[in-house]
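Next come two complexes, and both contain chain A; in the first it sits with chain B, in the second with chain C.
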Partner chain A sequence: MSVEAREARQPWILLSPALTAVTFLLFVPLLFIVVYSFWLRTATGADQIGFFLDNWQEALTDRFYRDILLNTLKIAAITTLVCALMGYPAAYFIARSKGNKAILLLLLMLPFWISYIIRTMSWINILGVSGALNTFLLWVGVISEPIQMLYNEQSVILGLVHFLLPFMVLNVFVSLDGIDTNLEDAANSLGATRWQAFKQVTLPLSLPGLAAGGLLCFVLGAGTYITPLVLGGATDAMFANLVFEAIITQLNWPLGSALSLMLLAVLGALVLIYNRYLGMAQLMKGLG
Partner chain B sequence: MTGKMDNTTRYERLRERYMNGDLDRRSFLGLIGAAGLAYGVQTPFAKFAHAADVSQVRFDGWGGVVSEALRENAFQPFESETGVEVVDGTFGGGDEYLSRVKASQEGEYNIAHLSGVFDYARYHNLGLSTVLNEDNIPNLQYVIPKLIDVFRNVSDGKLSCVPYDYGTTGLAYNRKYISDEEMQEKGARILIDEAHKGKIGGWGDWRTRIWYGALQTDQDPNGATDMEAIWDAIRTHRDLSLKYWGSGAELMSLLAEEEIHATEGWSGRIFALQEQGHDIGYMDPPNGYGWQECMFVIKGSPMEACEELLNFMLAPETAIAVAEGQNYPPALDPNKVDLGDKIPTLPAFDPNGTLDGLTFADPAYWNGNEQEWSKKFGRIQKGY
Partner chain C sequence: MAASSGSLGWNLVRVWTLLVYIFMFLPIAVVVLLSFNASQFGAFPMTGFSFRWFVELAQNEAILRAFRTSIVLGLMTALISTTLGVLASLALVRYRVPGANMISTLLIAPILVPEVVLAVALLLFLNFLQINKSFTLLLAGHVIFTLPFVILVVQARLVSIKRDVEEAAMSLGASPRQTFFQITLPLMLPAVLAGALFAFTISFDDITGTLFWKPGGVETVPTQIFAMLRNSISPEINALGTVMIVMTVGLPLLGIAIARRLSSKSGA
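Presenting the complex of A and B:
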């Protein structure tokens, strides 16, 4: 075998374990879900094998699913915006700090050492009626009755921001860290104020990182299931909860499959739009 | 005595060893990979292995104090006596578990702690039932006959389970905010009382919501005639509720933390709260929701080993110890077995052994409407 041929084969050999895993653990199950979405659930809970469009018709035409999907996208968008507003200054501070960058990044990653569910549930002890915040406010006399802060849409967004903020900070940090600080100095030397230099030089250059962080926050936020379950009220369900309910509570795997593919299609479309205009390279940098 | 582990616990222990530095990364990853490979290779063929000596039976239950009581009082003594390992898993609800069983290989799951005859009927109708050899379960003679008969009626006179305990889903209320007199006066309507807006809870289970909707609209829970009135009651309850709870642990936490003042609740869990010193009242309203739990043997299980375990669990000393631990009365007939001092104090306990005071869900009625009602409740729950 020639050297060229061997070199051409080498990447495929190296990639084969990953490709095998992706094929069998992602594409094959996804294919099962596609097939399932055309079956029907019978009255006993058993599946009727065949090619039926009923689930797709219901998922695409029923206002209920459309409304919950739109509400899910709204919650994900608000979460992303809050993450961007909170995450950018934090990322800027870390990127411009001298010497202790590694420690700050380590602190940023610390929450990942604790289970996501535990982190979400910790808000109950903080914001609950007998939680730390209410207890403190009662103690200092600011309030006379505990305030109901949990089990509403705001507490769901809070839980999501808590979960997703590090993803935003990391992506923006990677972007800011790659910007030559001499550019800001050059802008300053040409008469720009610090704010003008930031606005006209640093911010535009860091936008790809912000967009990558935004995409990650949005996609992860829109697909969440635990947070509304733990921190949401009676009516604060998101689209993933509908999938769970169809599959687990109603034992309607075919409808659940159609709903999950619908969510996948919407979020996939967003990723494709992002890729079309900004490319995936920045996202990979942030994830790396 | 060392408790036996399921795969999750095994993984957690392995991970702990790795995190503690007792295991290098290469060995950790190697063991995880080997475990995954072994599982993937053996699972499809597991069902063919039943002819061999059975060394393991899998049991799945409700977790929390219920599982603890079973492990301590039934499984560990059984393992010591027979050498058969009982792998103890948990689930959050019967619906979730049914999905797991549906997705599993035959023989992967063996015994489940099912709630209600309607669940038994669902499993039977999905072809997941077995036929128990009752000669291998002599302790079945101690069980309240009425509890056995309802299961026989579903599966053509045969049994795929043994009744194990019973309880109620009654009204739980915090006495600091709601008096016993108010509860007696309002009954199930306390859950749709504007005066307690934001301090009401409820189980996010469609059957329970419809059952209580029927009580709130003065209808027979096993034969409602005006479903629209029930859906309206459910909507009212939803709008006044702080949260639907999803597990016994969450129910106990919401009541103990005073996040909610009134909800329906499981009798044993409320008794556990009372034992912990919380001033929580419990009341079964007229036609309150009674249920009987059973130990169901799933198709493809090693039958003799399962029957031996069920017989062991039904032995009066075992069943009483488990009942005292989980706070639900056992299925044992008080006319045949002396149930001791604690059990007669448990909520829902029937000293006559007839269970005439409890109303159980009619499986044909509830399962016949399950598809439509579970879906409709899902929508109402989310504000529709």
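Presenting the complex of A and C:
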């Protein structure tokens, strides 16, 4: 074999283990559940192989599934908005501070490394009936009986914000940090106020970072089932909880496949729209 | 940016940022605080300072088993994922591969798909192939889920390694193999370690996929905590939380320190 041919083959040899893994552990399984979603789980627990539309009909027309899907999107949207409102100023402060940016950023990234389940359950210590907040309010005398602040939609959103905020801050920071501060100074010297300079120069330039952070918060928020299980009440199930129920509890795998694909379609559409207009590069910057 | 430092707007941003930091750290601080509470209950008031919950933790057979499972799983995931990830990153950074962008996207795909969907697809497909819920399934899941992170981290570091040094070695008569093991690999070591550490931490922390893949009776640390939460929040959970916090924060910091050390040495 010629040297060039060997040189051309080498990257494919290096890539083949990873590509094989992704193919057989992700793409083929995804195709498989597409097929599986048309099978039927019979009363005896065996799968009837064939082409049945029953699961899809149930998943797409049952009001119960539709309502929970809409509620899931609502929760993810509120979470994303809160993350943006909390995270943008913080990212701005870190990017523009004269202090040690690396330390400030590292400090905000530390919770990101702390176990998700621990961070989620830590809110029980704060909001629970004998948690920090109730203890404090009782001590101050604002309330005479502890109030139940847990196990509702607000506590689910709070837990999600706490989990996802670092993603937002990191992405906005990356994009703010890349903006030449001379641009703001130039706007100022041309007579713009600080606020005008921010609104008309810095904010538009940082929108790609905000969008990347927003996408991550939304997609990760809408795909969670642990947070509602730990911090939500009986009626706060999100769409992923339905998937978990169908697969693990009811063992109705064909229906679970259809529900999974519904979730994938909705969230995948968002990723594709994002990719179409902003490209994946921005997202990778924030992740890497 | 001197003009901004005294202004009202900047001060508001500063106070806001402080509140955000408090929001992020307060619940974590409370977990650590309560883990030293002498009280029977995992809640306020603090009745005294005690290490008893850590002692009970160390004697809890179920938790120790969960730790062993998590550590073995994390190490194996890190080993496989890093090997696959480093090879793929080398190909993408070092060679002109046709369709490199497309390949990158394919390799990153496992984190673009919601983890629940990935978990369901893998569980159902491998079950179809007669691979039931088992350690193998758990390992396969963790590998595919951590691979994109390894590739992103390793690629980012790899770009900064200059080819000149390798070319110099080759021109001095080193074989490609010698060059790789004696020049490229040592230069890449911080990137490889960072990738492995990332994979280990993500694997160690995972619960979303793990709950789908784990066989009955096998628990990792996060699923064990989750199972314990079903009853009520016990002081033991807070103690376990403190151990996890120390581990998950301590390990990456250690990793960063090692990477700095190595890269400053190789840079000198």
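Everything that follows uses one rule, which is that the second predicted complex is superposed on the first by the 271 of 288 C-alpha atoms of A that agree within 3 Å, B and C clash if a C-alpha of one lies under 4 Å from a C-alpha of the other, contacts with A are read in each partner's own complex, and residues count from 1 in each chain.
Criterion: contacts are C-beta pairs under 8 Å (C-beta built on N, C-alpha and C of every residue); 3 or more make two chains touch, one makes a residue touch a chain.
Fair warning: this is a prediction, and the values are worked out from it, not measured in the lab.
Trainee: Between chain B (first) and chain C (second), which does A:Asp54 come into contact with in this model arrangement: first, second, both, or neither?
Mentor: Neither chain B nor chain C is touched by A:Asp54.
Trainee: Looking at A:Glu153 after the superposition, I want to know if it touches chain B, chain C, both of them or none. Which is it: first, second, both, neither?
Mentor: After superposition on chain A, A:Glu153 lies in contact with neither partner.
Trainee: Between chain B and chain C, whom does A:Thr44 touch in the aligned arrangement: first, second, both, or neither?
Mentor: A:Thr44 sits against chain B, while chain C stays out of touch.
Trainee: Just checking: does A:Lys98 make contact with chain B only, chain C only, both, or neither of them? Give me first, second, both or neither.
Mentor: In the superposition, A:Lys98 contacts chain C only.
Trainee: Tell me which touches more residues of chain A here: chain C or chain B.
Mentor: C
Trainee: Just chain B (first), just chain C (second), both, or neither: which does A:Ala234 touch?
Mentor: Only chain B; A:Ala234 stays clear of chain C.
Trainee: After superposition on the shared chain, which partner residues are touched by A:Thr249: those of chain B (first), chain C (second), both, or neither?
Mentor: It touches chain B, and chain C stays clear.
Trainee: First (chain B), second (chain C), both or neither: which does A:Asp177 touch?
Mentor: neither
Trainee: Between chain B and chain C, whom does A:Asn188 touch in the aligned arrangement: first, second, both, or neither?
Mentor: second
Trainee: Under the contact definition given at the top, report the residues of chain A touching chain B in one complex and chain C in the other.
Mentor: Of chain A, residues 124, 128, 130, 229, 247-248, 253 contact chain B in one complex and chain C in the other.
Trainee: What residues of chain C sit close enough to touch chain A in their complex?
Mentor: Residues 1, 3-5, 7, 9, 12-14, 16-17, 20-21, 23-28, 30-31, 34, 41-45, 83-85, 87-88, 90-92, 94-95, 97, 103, 105-118, 120-126, 128, 140-141, 143-144, 147, 149, 151-153, 155-156, 201, 204-205, 207-208, 211-212, 221-222, 225-226, 229, 233, 237-238, 241, 244-245, 248-249, 252 of chain C touch chain A in their complex.
Trainee: Once bound in the complex, which stretches of chain B touch chain A?
Mentor: Where chain B meets chain A, its residues are 95-96, 98-99, 102, 122, 125-127, 198, 206, 238-239, 241-244, 246, 253, 257-259, 368, 370-371, 374-375, 378-379, 381-384.
Trainee: Please give the residue numbers of chain A that touch chain B in the complex, ascending.
Mentor: 41, 43-46, 64, 68, 124, 128-130, 148, 150-151, 229, 232-235, 237, 242, 245, 247-253
Trainee: State the interface residues of chain A toward chain C in the complex, per the touch definition above.
Mentor: So the residues of chain A touching chain C come out as 7, 10-12, 14-15, 17-19, 21-22, 25-30, 32-33, 36, 86-87, 89-90, 92-94, 96, 98, 107-108, 110-111, 113-119, 121-126, 128, 130-132, 135, 162, 165-166, 169, 181, 188, 194-195, 219, 222-226, 229-230, 240, 243-244, 247-248, 253, 256-257, 260-261, 263-264, 267-268, 271, 280, 284, 287-288.
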